[in-house]
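As written, the chains take the letters A, B, C and D, and residue 1 is the first residue of each chain.
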Amino acid sequence: MKTETRAIHLWLMPIAVWLALLILLGLSVGSAYVQLGAFNTPTNLAIAAVKVALVLVFFMQLQSSSALLRLASVAGLFWLVLMFGLTASDYLTRP
Amino acid sequence: MTDILLDSLPPAKPANYLEEGHTLASWLTTTDHKRIGILYALSITAFFFIGGIAIGIVRLELITPHGALLSDDQYNRLFTLHGIVMVWFFLVPSIPTTFGNFLLPLMIGAREVAFPRLNLFSWYLFVAGAVFTVYSVIAGGVDTGWTFYTPFSTLFSNSHVIAAAAGVFVAGFSSIATGVNFITTTHMLRAPGMTWFRLPLMVWALYTTSIVMVLATPVLAMSLLLIMAERFLGVPIFNPNNGGDPLLFQHLFWFYSHPAVYIMVLPAMGVVSEIFTCFARRRVFGYSAMVYALLGIGVVGFLVWGHHMFVAGQSPYANLVFSFLSFMVAVPSAIKVFNWTATLYRGQISFEAPMLYAMSFLGLFTIGGLTGLFLASVPIDIHVTDTYFVVAHFHFIMVGGTVSAYFAGLHFWWPKITGRMYHESWARFSAVTTFVGFMVTFMPQFIMGYAGMPRRYHVYPEVFQIYHVISSAGALILSVAYLFPLFYLPWSLRHGDRVGKNPWGATGLEWTTPSPPPKDNFPRIPRVDVEPYAYHPVGQSADTEGREPHRPQREDA
Amino acid sequence: MNLSDFTAEASSHAAAVDRLFYVLVGLSIFISLAVFALVLLFSLRYRRGSRAKRGPMPKFIQREVEIGWTCATFVLFLFIFWWAAASQLSALTPPKNALEISVVAKQWMWKVEQPNGVREINEIHVPADKPVRLSMISQDVIHSLFLPALRIKQDVLPQRYTYLWFTARKTGTFHLTCAEFCGTEHSRMAGRIVVLPPADYARWIEAQPEKLGLAREGEALYRSLGCSGCHATASTVHAPDLNGVFGRSVHLADGRTVTADEAYLRDSILLPGRDIVAGYEPVMPSYRGIVSEEQMIRLLAYLKSSSIKQGAEP
Amino acid sequence: MSEASHALNDPWSTLARQRAAMSFGVWLFLASEVLFFGGALLGYTIYRDLYPDAFRLAARETDIVYGTLNTAILLTSSLTMFVAERSAHEGFRRTSLWCLAATLALGSAFLVVKGFEYYDDIAKGLFPGPAFPLQPAQTQIFWAFYWVMTGVHAIHLILGLGILAAMTVLLYRRALPPQSPSFQGLALYWHFVDSVWVVLLPLLYLIGRA
């Protein structure tokens, strides 16, 4: 059995990512209370997108995965955009 | 059932997959993709006849315009039962889970699918979904139609909607599990030398279908979950009195249900491509065009769902957008029909049962596809939607197309699955009777559909009685034609003569294994060095009359 | 009842739809026959063991043919789309002077109301050669008004007005039915549309039992439901003036401007908290569950009749 | 490492190939899950576009303290899950066991906090029904989506916790080698459930605050 050295090297990158995520969480909650008018929702969603990207790239190791996995990770999103786009073509143009 | 299959093979040969275990437990806990394919085949055959009996009673009822046999409610529950059972418990799983499970590893030179245990779990998910649905039928049935439109299904229907929706919800995850399994298998378990453009078109069809299954089914699961939440918890998601929009459900439902019709027809195209090439002894005409057509149908199929809602209150702009996209999705289908026809050019065509079924697929799918153009043009669709014209259109594609291809595949791979040859003349008779029965049943529906006969009608104006009587007569012929294989196929298990590796002289890898194949398919993983359907040298045509293919796909065959 | 109740071309739009339909039928027959003939020809000529010539394939056969029929089908389908879209666009906007008839769909019957208040069940009388506009709404589930002879159909949604318009060219009695599955007696929700020559239609309308006009019945409701209490100019309550409100563009509290069409007026009556007019307090009570569909049609007819005079005697 | 070969099962020739297949399979499943939640998001987006004021009004009633606390808990559980998977991959069995236990604890903590939040919501009568405190009626649609989306997310979390607990016990009893690819699959699923919550936070808790 591998001797159980203090696996420090395992913790460095994840803790950094974790701290970034917590900061972004604080940022998004804080920004929600600032009166940005029409920009409130876009900023909230943008920060959420950055957080999800961080989780995807680092925690789900997309940065070291094969092209196939990266393709699979965005396939769902691409189809979601198709669904939202064409449904919007109905709702936004209703008389 | 299993002891009939036992035949005294000389012990020297490696035991085939049927002899790996004879107890029921060996079948119910198997992770052998071939056995799971057979488990699926038995379950969907049972459902095929449940759905068939339901519509048999409906067709009997429709002989008289004033509905003497059933009450309104019974009629509504029967046609809903026919819809739900046929769509989700026969057509969607029909080819991928039976021939897909059995043949995908064999065709790409693998020993097993990527996730064997997940494969068995997906069959149990299918059975769990079936239990829910059968409960909802026995407990009184559901009367919303297979489309579950709100607010009728959420507020006004007092039938077993939640049980039926739960059944389809669970069966949906069986579909997703199969899809994930096949995509991973095709990507990661191909034999050395089996590059993407050496894959048989059946594998391409299963791969595209799996992508559509994985990406479309979850949206159905969510739409049914929202209906169950609204009915069970009372949360007003689609309740119009509360500002809810009934069209939102239709968008979510049809986002799945149109790709679902491509889940049903794409595998059928794969089966037919295998059969046309084998019985015409010809290389497929335009292999890459056929592959891109499959992928095109799979992707563009996701963009056209709005043509189900032209009259539902959708904005005129969206009507035109979806109408245009629906015309575009018809182009790849047309290409495939022309390529199949061109494959016959300069071949050595023989007309065994699989070929007859495949040719009836070609004819009926062509008519079904062309009537799709009527429905894609907005003014005609406004007149004919929700009439028997639409019923005829989708039955031409689903029954004329997918079911014919299912039977074609069943006869084509029967020797490989069971090691026995079916009785040829019975099978040809059954193929021809199916075609005749089908035409008599569904051709009149086009005529009365355009005249204005609405669908899902228990009583109808007397003017249409003549068409209904002809259609019901056709349905009688069709139901008899579907019973024939139920007799002569099991009969062939004992009395059919034994076949060798390659009774049809086909080029696929599955035809280089003994029939029935051993549990691990290939003693040594084969090396592939030639493209599929090498029935004659490139640039030549089918000169030799013999059965031997020019080059099976396997280097050391 | 005979087949012509369904298949008669009762309007110019119906004729256009039929033309497009029969051209498509011709096209489909041509393509199907081409495919079947080819399949039959190849099957006979190249059946196993026949003496037809095989040998090397002609050079040009592969790529050019493939591209050829791909473009052919693409262009053909584009043409059909253009034709269908063109005839659809021309049938889109109803003419201004159309006769307004209200249709309320209810589980398993059609309630029709002529502009002067005449009510009919499962039957619509319309004048020939004059544009007619049906504004339709459902009281419960989704129905769909289907007029086969006019080749038109439109779903009738709960809580939302949908419209059908046509100009009947041929007089006579044609079939009317429900096309969207709506429950137990869906197949019994049929009726008739009677197209009368304009003179006969006028005589028929007059012959009906004496009916106050929709607008005048709406005015009575406007008073009895208490609308005039706040919206009359003489009232002490600060409420928007509804004189000639139909079609006016309204500035809302959150900065949006909407045109006051039937849907906006209906929502303001049933869900007043939704779009509050700029400069007014959201004090209006909701009439949800109080005002029925028939009463709503009368109120809207009254609001639309621009001749409401403040406090004038009916 | 004899234990590694024990993790290998039938169709795969090498462990690396099996691991790649597990990741690819789980990613495909996650693509279907994206569309599963996407269906609910579509409904939410359409209604929010149709009734912006009602949604702002209704969203103010959600408790942001619970929401933020839960997000922090789930992000931390992602951290411990990641380290658990990496240490298992490199054979550090004890570190992996500790981190798996931490993830289990954090996941349960999330559910406990969620339970309190649901209790408060029901106490405030915020479950759509006849006695719904807020007006106008469309606020009930927001709360319908609140209950459906957070409910479905919670069920996903409970399933994740179940599998996590089972694998922790198997690893503890040495029935499952640390090199087994199932850890990779579970980690991907867990991070996905966390990402869904990260998306749900702004949609359900942060609108209407300004």
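Everything that follows uses one rule, which is that a contact is a pair of C-beta atoms (placed from the backbone, for glycine too) under 8 Å apart; a residue touches a chain by one contact, two chains touch by 3 or more.
All values derive from a computational prediction rather than experimental measurement.
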Quick note, more Cb pairs in contact for A-D or B-C? It is B-C
Where chain A and chain D are represented by their mean Cα positions, the distance between them in whole Å: 14
Inter-chain centre distance, chain A versus chain C - centres from mean C-alpha coordinates, in Å: 45
Centre to centre, by mean C-alpha position, how many angstrom separate chain B and chain C? 36
In whole angstrom, what separates the CA-based centres of chain A and chain B? 38
Send over the residues of chain C in touch with two or more other chains. 271, 288
What are the residues of chain B that contact at least two other chains? 187, 215, 219, 241, 243, 247, 251, 255, 316
Where in chain D do residues touch two or more other chains at once? 20, 24, 28, 31-33, 35, 38, 42, 46, 50-51, 54, 136-138
Return all touching chain pairs. A-B, A-D, B-C, B-D, C-D
Footprint of chain B on chain C - complex, ascending: 1-3, 5-7, 13, 16-17, 20-21, 24, 27-28, 31-32, 35-36, 38-39, 42-43, 46-49, 52-57, 61-62, 65-66, 69-70, 73-74, 77-78, 80-81, 83-85, 87-89, 91-92, 107, 140-142, 144, 146, 148-149, 151-155, 157-160, 162, 175, 177-188, 190, 271, 288
In their shared complex, chain B is touched by residues of chain A numbered 68, 75-76, 79, 82-83, 86-87, 89-91, 93-95
Chain A-touching residues of chain D, taken from the complex the two chains share: 20, 23-24, 27-28, 30-35, 38, 41-42, 45-46, 49-50, 64, 68, 71-72, 75-76, 78-79, 81-83, 86-87, 90-95, 187-188, 191-192, 194-195, 198-199, 201-202, 205-207, 209-210
Sort out for me which residues of chain B touch chain C in the complex. 72-73, 76, 143-145, 147, 149, 151-152, 155-157, 240-241, 243, 246-247, 280-281, 285-286, 289, 311-313, 316, 319-320, 323-324, 327-328, 330-331, 334-335, 337-339, 341-342, 344-351, 359, 362-363, 366-367, 370-371, 373-374, 376-380, 382-383, 385-387, 450-452, 454, 456-463, 539-543, 545
Within their complex, chain B touches chain D through residues 31, 110-116, 118, 176, 179-181, 183-184, 187-189, 214-219, 221-223, 225-226, 229-230, 233-237, 241-245, 248, 251-252, 255
